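Per-chain residue numbering starts at 1, and chain names A, B, C, D and E are given in the order in which the chains are listed.
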Amino acid sequence: MFEQHLAVLPVLLPLIAAPLVVLINKPRAAWLLSTLFVGACVYISFGLVSATMDGGALRYALGGWEPPWGIEMRVDSANAFVLLTVSVIATLVLLFAKESIASEVAHKQLPLFYSAYLLCLAGLSGILITGDAFNLFVFLEISSLATYTLVSLAADRRCLTAAFRYLVMGTIGATFILIGVGMLYMKTGTLNMLDLAERIQAVESHRTINTGLAFIMVGVSIKLALFPLHMWLPAAYSFAPSAVTAFLAGTATKVAIYVMLRFVFTIFGAGYVFEQMNMEIIVLVLALAGIFQCSFVATTQSNIKTLLAYSSVAQVGYIILGVSLVSLTGLTASLLHIFNHALMKAALFMAVGAVFYRMGSVQIIAFQGLGRRMPWTMSAFTIAGLSIIGVPLTVGFISKWYLVTAALEQGNWLVAFLVLVASLFAVVYIGKVIEAAYFKEPSEDADATKIKEVPVSMLIPMWLLVLANIYFGIDTSLTVSAATAGAEALLNGSSLVGGVQ
Amino acid sequence: MSLIFEHFNHWVVVILMMIGLYIVITANNLVKKVVGLNIFQSAVFLMYITMGKVVGGTAPILAEGVTQYSNPLPHVLILTAIVVGVATTAVGLSLVLRIKSAYGTIEENEFQNKEDVI
Amino acid sequence: MTVLIDLILLAMLVITAFRIIYIKDLFSVVMLFGIYSFLCAALFVTLDAVDVAFTEASVGAGISTVLMLSTIAITGRKEKLSLHSHTFATLIVLLTGGALIYGTFDMPLFGLADNPVHEHVAPRYIETSPTEIGLPNMVTSVLASYRGFDTFGETVVVFAAAIGVFSLLGVRGKPTELLAQEQGLTQHKVLRVVAKISIPLIILFALYVQFHGDFGPGGGFQAGVIAAAAFILYALTFSLRKAVGVVSPRFVKYLAPVGVLLYASVGLVSMLNGANFLDYNVLAADPVDGQHYGIIIIELGVGITVFSVMLGIFYAFAGQVEKANVQ
Amino acid sequence: MSALDYLSAALLLLGFIFSLSGAIGLFRFPDFFTRIHASSVTDSSGAVCIILGLALQTNFDLVTVKLLFILFFLLLTGPTGSHALAKSARHGGLLTIPECQEKAKDGVS
Amino acid sequence: MNLWASISQDQLINLAIFIPFFGAFLVGLLGKYPNLREAASIATSIILFTVVLAITDNTFHGTLMNMHWFDLFPGLSVSFLVEPLGVLFALVASFLWIVTTIYAIGYMRGNNEKNQTRFFICFALAISSVMAICFSDNLLTLFIFYEVLTLSTYPLVTHAGTKEAKEGGRIYLGILLSTSVGFLLFAILGTYAITGTLDFKPGGVFDESSPDLMVGLLLVLFCFGIGKAALMPFHRWLPSAMVAPTPVSALLHAVAVVKAGVFSILKVAVYIFGLDTLSDLATTDLILYAASGTMVIASIIAMTKDNLKARLAYSTIAQLSYIVLGAMLATAMGVIGSAMHIAAHAFGKITLFFVAGAIYTTAHKKLVSELDGIGKHMPLTMTAFTIGAISMIGLPPAAGFISKWYLLLGSLETSQWVAVIALILSTLLNAAYFIPIVYAAYFKSEPNDQKHQSHGEAPLMILIPLLITAGMTLFMFFNPELPLALAKQMLELSL
């Protein structure tokens, strides 16, 4: 019974929990219920990862209608891996959110918050595991609508304009994807991804398909905040409630990246996208430009959430860079970095959220002297920051290693060099915060005696992430093999065609 | 000449999309932006419905003596998409209302002046 | 002949859309948008998409317009001069348009029966759904059964919108919180009388659409919107206070998740019966009966959610308008 | 073509003329009240004629009933709408043209 | 040495790395009790030294100890292997750690520094990573602990917390991380891309199939990437780091950090490139000239510095280039000279820093121009200084003479005239900036003003360490067998 439905449960559980939470309408119970359901999702994702490790795929026909007539969920090692990332981050952030959100969102709205959170998670999971191009759009919209809500729940009024801008950009992006999917459907008559992949070969060079590809790429690029379509992201991340930022930074853009991978590798086929259309050059240049521009902008910020948001855009550039190398190592690097970056950014944003919890500000001046007053929070920030920089023994180093190796494999020494040089920007912007925290005296107006460490319930998830940052920086066997399996699944569609139902 | 007729629908759809997008980008007023988004989306709906049409067919409801039906699948998709559209509109407009109460204006340049732009 | 109507409608659409660009009066913009939606609906009818037309008319021309009007009632009806770069916008738009036009050249020609979309996947819906599902309306079959998961997602989208609106604008709980004095359109005797006659008819019609959706155009979504429209009409003519007395926002807030859960419960029952999620075949001994039961219940779930969410959203917006009036 | 068809055609034509005149009136008439008069011609007389004309084209089954329902609703809502508009305009202080002229005269004298 | 007989030989490596690591823990735990804390520090350093001695003993008996931690990537592990060069460096570092700890206690107390616990923790962590660098078996391991060393010493540099200290720390971290990430990591990955291995292998990992141009480029990347070797133009961090308390400057910036840098270069030269490959590469000469240039330029800059520590810093830059130069000569003589100089310079330079700290603690003087006549007050200290200076210049009877001798021989052997001239010039310049200090200290009369109130020698905790190191400098001149033997053993292994 349980085994049979494994592939649909990651979507179903949060989808059912979301209305229940509204019905319960008690903040504490709502939190407990959400945590239980999301925790169950983690368990299921683990099951899915282990079930797909051997390169097979789980298929689940909804309504019992076999594809392409019905909608199917399809889990292979690539999306199982990303799904695991998303559900783990979601659980940890939920643990963190209990205290953090209670201090930022009105008590009465808390059940609504948790419901939106669950909807967002359900949407993201749905995007990941669906095997139907239109169903993907539906889940994209579920997650987007929930995200707009989550962003707009903060106390700072600027979150409203940020959410609105996000809404406009997000809707344009989703509509672009809808246009693209429509064009594919028009030429092939199907919406199922595998079926599309098969039938698209016959019409590959048609102009409609080219346009469809362009629209899907642009639409997805908006969602994943690829430079220069990233302008919605810094504002949204800066002004959203802390826990929401931690959640989004760890998951939302990652899922969008996965969508790009799915479209490029499964549906269009790497040969068409990269060899015929030469997309990799455009993507490579944009990724590099994004890495440099946004890393530089990050160094000039004084609002730490904005700083980290720009850093996120830059990190997205790294992931996309790996994709543009079109090789097994490159894809492995991308998938690894999806996971690793989720670990580091979620930890960083949690630490910043903890500072906000105590200081009520995330300006750099609020960080001054915190090293002594909030030692656990700031040491978490430091370690996660080192991970962003890519210091050995953290996950950041692993990602960087694979990315540069992939570039060198292609003989692309320049790109390899640029990647390394770009990571130096991280030294500057992380160093700025650490220096303020440990080597500056607290600013005068802050009532120093009041500031103490945040509650343990916030520290535990933060430190779990930090420890994961170190653990997976040392023992890479699990992540690397999962990422490699995912990359292989993406690169050869054959494992997708087969598979059990 | 036949090309024009056969693609007329598509081109109108394109024009509508362009108009919608133009309104979204240039509108200074947030309500108008939302209207623009809706126009943009409706254009896409039209594209889908257009491709579902079979000349000489009827609406896909089983009827005596009819052999040629239009394609029901795009209709289903667009039903869903319309709902998605109205959901987005509702959330967007509620944001507009909150922006109005927080800033006192819904003109983009005006509330942008009121905050330190990041 | 239909082609001619088609062309005229398309031309009118373009003209309407063009006007919207240049009009600065938001009231006119919203009205034109209503017209635009209505034209779309008409066009959908000529393109054989009756269900879609129905939805577009009730949503685009109905709910969306009402929401936009409520919004500009608060925010004011004049758009100020835009400072945005029009060159930039034109460039982006031309680029997008150019790409699309480029794409149209290889598009299948309009209305041919042997276009790929009519050759693959869809034939099964047309040919076997009446026997597999047992419903004459193929759109309903596809919507509720073949692609039932999409529709579940759609219901959740509506629910998500409700969460968003409720959390942004708040759910104004009890009637006493609203304005004490009688609002409504007291002056309009005729309107009130006609509304009083129409409202029961509208609700009746909503029920018809709800349960007749299997046979003709319609279904849970349209029914929900129409039912909500009845209450919205009531609130507009007889004051929000009275409407809230009939269906309280709190009730609406709790009703919305119930619809989603009802939908999900059908799927869960199929799972308990050993089949996949939303597999209606196992709901009864005879698969076709099972499909019937399943579709009726999920349509009901959709109807409940859509009704409560639309009404809830209207309450939230109307509540804001009242608040603004008080101030 | 039977007699019913002729009748139907005549009704449709009449409906067309009413609708057209309503549209022309909307453009040509000088002020709000006259314009609303023109537009209400469209959705009362014009629509009624057209629906009746269509009803005559049916086989007198469920479709006819539906058309009659539509007719009923249109007759209910169309005039009410026009009435409500006009009344609101009146309450809002909008003056008709003669009133305006009178007022202008008063102002002069 | 028998102390550790009961422990398996391979485990000694773990002990060497973890003893300071746990020492750091202990120090942290005992932070509230200064006496206990410092006792723990000293005890740890002594225990570590005995472990290193045991390792040395094993090495002389020809046992190759190795230790595999874990695979970071498939086929690439974090693992350790004891080889003679590493043992030499480990011996020097661990011995000097004892001395420095004692000195640091005296210094920190004498100057009432804040955050002493953090200081000792980072200090121990730094030594821990130095041990790991010494015994690293491949470039990956080396790189990892190279970075750990950088990061663990950053708090030491910014210890004072003043604006100046933060500025210094920023430059320190900035240059070291930039070079290591931008060049060193790039070079490592490049090596991996070309050869498919990162293990240190006697004779090098490159073979004929490796493209010469790339290998040459890699050499440049390695040498400049190892920023800790302070090859110009990436030397700025070293003077900046002098804002740190003197014990830090002494141990880390005269011994551990900079030596980790040149040690890495030496190791890369011998075990990654191999002397044969190295001598064929065109870029070897380039680095050689860069090293020669650094030597001369740094010495000239040192002459202009009035701040004693700054002068010592530039002297260090020049001295480090001796070692790089030796490696780039790609001959047995050169490598022996380099290995010797690691030890010789360590003892000599740490003595000089200790003296600078002693003067600062006792007389609160930082500038060379203030030192007139100080030899009368602090005769022992200034004697030590003189010995250190002699070693720097390269005169008998100090250890510096031996290493310089080998370097000169190597240069002559390979007819590297630029190197020969640079060595001679640098010796003259060294003399030019050290002799005046000694002269002023003993023979110039003390100016009579309020500032120079009378004082005696520094406290014993400071004085004894500097006497020990000065003594060692002399001792090594007369008994250079140990370092020489280790250097030769390394050559035997690799040739």
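Observations on the structure shown:
We take it that a contact is a pair of C-beta atoms (placed from the backbone, for glycine too) under 8 Å apart; a residue touches a chain by one contact, two chains touch by 3 or more.
On a predicted model such as this, the values are computed, not experimentally measured, just so you know.
Between chain C and chain E, the least number of touching-chain steps is 2.
The chains other than chain B, grouped by which ones touch each other, come out as one piece.
The minimum number of touch steps separating chain A from chain C is 1.
Of all chains, D has its CA centroid at the greatest distance from the CA centroid of chain E. Taking the mean of all protein C-alpha atoms as the reference point, the chain centroid lying nearest to it belongs to A. Per-chain Cα centroids separate chain B from chain D by 31 Å.
We define each chain's centre as the mean of its Cα atoms; on that basis chain B and chain C are separated by 13 Å.
For the pair chain A and chain D, the distance between mean C-alpha positions equals 57 Å. Put simply, the C-alpha centre of chain C and that of chain D have 28 angstrom between them.
For chain D, residues touching at least two other chains: there are none.
Shared contact sites, meaning residues of chain B that touch two or more other chains, fall at 17, 21, 30, 51, 73-74, 77, 80, 84, 87-88, 91, 95-96, 98. Along chain E, no residue makes contact with two or more other chains. Every pair of chains in contact is given here: A-B, A-C, A-E, B-C, C-D.
On chain B, the positions that touch chain C within their shared complex are 5-23, 25-32, 34-36, 38-39, 42, 45-46, 49-63, 68-80, 82-91, 93-98, 100, 106-110. Here chain A touches chain B in the complex through residues 134, 137-138, 141, 144-145, 148-149, 152, 157-158, 160-161, 163-164, 167-168, 171-172, 175, 178-179, 182, 185-186, 191, 234-235, 238, 303, 306, going by the rule given at the top.
Of all residues in chain B, those touching chain A in their complex are 17, 21, 24, 30, 33, 37, 40-41, 44, 47-48, 51, 73-74, 77, 80-81, 84, 87-88, 91-92, 95-96, 98-99, 102-103, 111-112, 115, 118.
Of all the residues in chain A, the ones that touch chain E in their complex are 386, 389-393, 398, 400-401, 404-405, 408-409, 413, 416-417, 420-421, 423-424, 427-428, 431, 435, 438-439, 474-477, 480.
Those residues of chain C that touch chain D in the shared complex are 185, 187-188, 190-191, 194, 197-198, 201.
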